[in-house]
């Protein structure tokens, strides 16, 4: 891989979540950032801009979010790790190219610092209204990976994790942060990261087929300008990358795109369980809400209630097995999220009727209050 | 001795284009009488002239008939989403500035849905060559009105004749800041080839418009005959005027078409100004970060 | 993009004066914008106000005008040539009958050899990232066929409201490029500007070496979208065609 | 209110689904179409533009899909019934402004003639993979209504239904057709205007000065006015209160957004009126041991499998979704308690199937019969799935993906087995 560790920081720093994300990208070897300014994600760009001189990074402000993601995909094919940062409205504009990224199997990372929605919503308030969009936003059927940080340190670690996933599975990876995490300042430990290198094709040039996948369902990649003279297209394609318009090719192509994530969900999924062993009621949460959930659980335990907390670090692929198993053990699952029910539906589905599910849809004003969760716990 | 002999024979048998085309995908999808093939061969001829390292040349196309070009040219080639060929190519160019990037697409793709990217890439003066095949219509989707359709040409979505003034691609390119702008027809192959060569040699955003017959939709719906008749029409009505002010380049329905090289100037490319800015920008070294704590 | 940041009050008040001095029913005027103007600014105007997504004000206005051709649609737009560039170019080509007031918050640190006396944080991220050349908006508008093009700073109060009032009564795609920034920056623009009527739009790019050229650059006639629509269809369909009344 | 006779091309036609959509829209009183060419939806726009001038309707081909949808929103505020027509990729581009439409509670209709995806996919062949996107595609919380026709005749009828629902609930309504239905040519009967019910726009009747843009009536929907009628409207895409005034972030952080903003209503006005909106077609549900849940073109393919299964002696019921969104949760719940399981064939790798699984609360098995698109199912696969559910003893942990003949013919064995190696 081209990335060099020149200019990469090490040690403890006081950073906001957004700055930590930029540092994470730099540590992960990301050397291309495309963006279009949008609150509340902008500090990531500022930080990267101040640092890209040190690390020979490329930074470009495109005319809109549509072109941003297109440029990021292009850059990724030149062998650079590439990232873009945005918020809800920007993500809505990027959707078409999320699809292209999936179809071309292009590694890249998209950071969505979520704000209140819908439409322009509340630019400077946190929200979790885009988590279903992250999974279903682009047309056609596809699977991708989405992670949800809940602290600046997490923002740093998960950014690196995201790059590793995107290289390993050749797919766009989303980081579904929110305004609260992005603007929260805390101490961040920057240590030399474990990086997954891009899987390059090693065989003879003339034999290279862009989409001839190995047993692990992931095809090896090459960079532009190496003389492979390959062709890739957003149309449904065969292993040569040439368009073929029939259901056999479509099945060959898309079914694998889906399965290359679904079949590896066990390796991808990461959750944090706290005191769930003997719990009657467990609070399921992610992102900023998970901090309050964990506090609420502690308080509940003090009051002698058998409460536990399940934090989803990976949102997509959804931790189905884990939730199903948990549901069997407990009476009630409380889902705390900052929207009117999105992940809640997934939890409801996976609990398969063996535990009843309760939704607390929270408001920006309640971000740092865990009483409401506590109440809910007490109620059940 | 034997070897060299067979080699020479192969040389004779080999068509000069074979190197540059994906022969395993021929026959192509373009209709008889279409001008895109001509544009492609001009492009190939230009590449041969330029003697580039072909490994370092990369073609990006959008969607549409011309969008399929990327699929037939044997270089690193990308067939992207509708209208987004230019930003995709921008990413490639910035990701690896040693590459020569070509955007090969149609009028609808570049000027209609891709119009914003077109003017902004020109403003930034990203170093790339844009070859825009203009056939006055959306052919891939079956002949809808395009922003280049002359008044009052008939199309399937202007069944009562088009009434929207067509856009003037060279003028738009110039106003937005392109450094090299030329227009030829599918008939003027030699000059077109020269223009593509020049476009490659200019650092910056170069646009070459290729007026092309659409025998299947544009000329059929408007009863203008076969592709060959369109070429004949170009022959009789195309006037070469180098350096013509771009505001005079509007194309009226079946009237004269002014072709030639209109703009050829110098501006700092995006990469130039970016490097300048980077060297000037005060970046946070580690110490500074520590101070921040 | 916050409305306050750009000192938009001046532009809106100029629009207010224009409305006052123009013989036009206020209720027929619709204001479409991608800038979230606060109600306190808009209410006194007595017009309908619509805030859209970034850069999409022009197509929104296009639909509104075609939905009810009797309306006079005025677009206040900040993202004219960033997200909205394509819509701008094509609305101009169609000569859609709307008036664009470009609330232009670009920051120019050097004009006519003079340095901007104001210290700015984040200067690097002013509209396009500082190292990129910005558009010559009047020239771009001219190249895509606008029928009326003028530029003023928000401090040219009289001229600005005069321009707006004139454009309100003109049919076709009109553009007024208004330099609007925090008052101190605006002051600098104003003192370093120079009025040149009918100037060739080729020369009005804002560069480091010359003063900001303001004034009315273009004023011409072209059939609007609806005119050409009516003309063409009645020519082809005859009396079967239901004309669009303006 | 009855349809305007001039808008209804009464008669018997032999047309395809796209054209039927256009005629349906015109009959419903649609006077504005902004579109952009995209296979396979273009025929609808072509049909509309050919008839538009006769009925005083207007078509504009915008520069891109973003422009189209924005123009539609503008035209709707100007008082016209407006719509746009597109397919997958265009649909993705429209998402941001669909969110705006939902937030401003603008009545408008989007026709999505689905094709094989993702990305450019197979433009000329069918697919059903935009179903979840139609519900979740834009950022933030909102609810929409989505209908799914299975024939040209229904394409015509559902267009009228779509416009009526849009006007009734002031929300985006989507007609999720697909390439098969869109390009399928069949007999379409267009009834006389007197037989077509049209929901008029809910215009505000009271005195001008008392008008409050988002003041709800009993059904949580607020009446609307036209731009340019002197109401001095203030409409903003930011989170707003009843008056339409923006709510500052500071306020949002202090107060309870549910109470001060309209956000809550964007979802509630649909969820609370669910029962009036939801429509399903049921067949022999009572006493059935297996129920096939299908929508769009797939429901027609499923018919054959269902007949076959019945002649094999299995009690099969059929539940066809007319409204895919809002989803008929209650009904599925009731049925789940009584049957062995559901078979859900759809031309994607599991979207509605997961919804069915959710609503059955582990009480019934759910087998998904997937299909990548570019063609429709082989009824054999659906039949096989029905047999499997009927004979199933154990309870599944999750939605089971049926291994179709297509998968076997392409991969030789299940993709999962290949990957496990």
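Worth pointing out:
Think of it as A, B, C and D in the order they're written, each chain with its own count starting at 1.
Convention: a contact is a pair of C-beta atoms (placed from the backbone, for glycine too) under 8 Å apart; a residue touches a chain by one contact, two chains touch by 3 or more.
If you're wondering where the values come from, they're calculated on a predicted model, not measured in any experiment.
When every pair of chains is scored by its C-beta contact pairs, the maximum goes to A-D. Chain centres here are Cα means. That of chain C falls 38 Å from that of chain D. Here the spacing of chain A and chain B, counted between their Cα centres, is 37 Å. Per-chain CA centroids place chain A at a distance of 28 Å from chain D.
Looking at chain C, residues 36, 51, 53, 81, 83, 85-86, 89-90, 124, 132, 229, 233, 237 sit in touch with two or more other chains. Contact of a single residue of chain B with at least two other chains is seen at positions 79, 81, 112-113, 115-116, 120, 147, 160, 274, 281. Contacts with at least two other chains are made by residues 53, 63-64, 66, 89, 96, 99-100, 119-120, 236-238 of chain D. Shown here, the protein chains touch in all possible pairs. Considering their complex, residues 63, 79, 81-83, 108, 112-113, 115, 138, 140-142, 144-145, 147, 156-160 of chain B touch chain D.
Residues of chain A that touch chain C in their complex: 36-37, 42, 45-46, 49, 59-61, 63-64, 89, 119-120.
If you check the complex, the residues on chain B that touch chain A are 22, 24-25, 54-56, 58, 60, 70-71, 74-81, 84, 86-96, 98-99, 116-117, 120, 274, 278, 281, 283-286, 289-290, 292-293.
Contact residues on chain D toward chain C in their complex (touch as defined above): 31-32, 34, 53-56, 58, 60, 62-64, 66-68, 70-80, 82, 96-97, 99-100, 226-238, 245-246. Every residue of chain D that touches chain A in the complex is listed here, in rising order: 66, 88-89, 91-93, 95-96, 99-100, 102-104, 114, 116-125, 127, 129-130, 132-133, 135-142, 236-239, 247, 249, 252-258, 263-264, 266-267, 348-351, 354, 357-358, 361-363, 370-375, 397-398, 406-407, 409-411, 415-416, 418-421.
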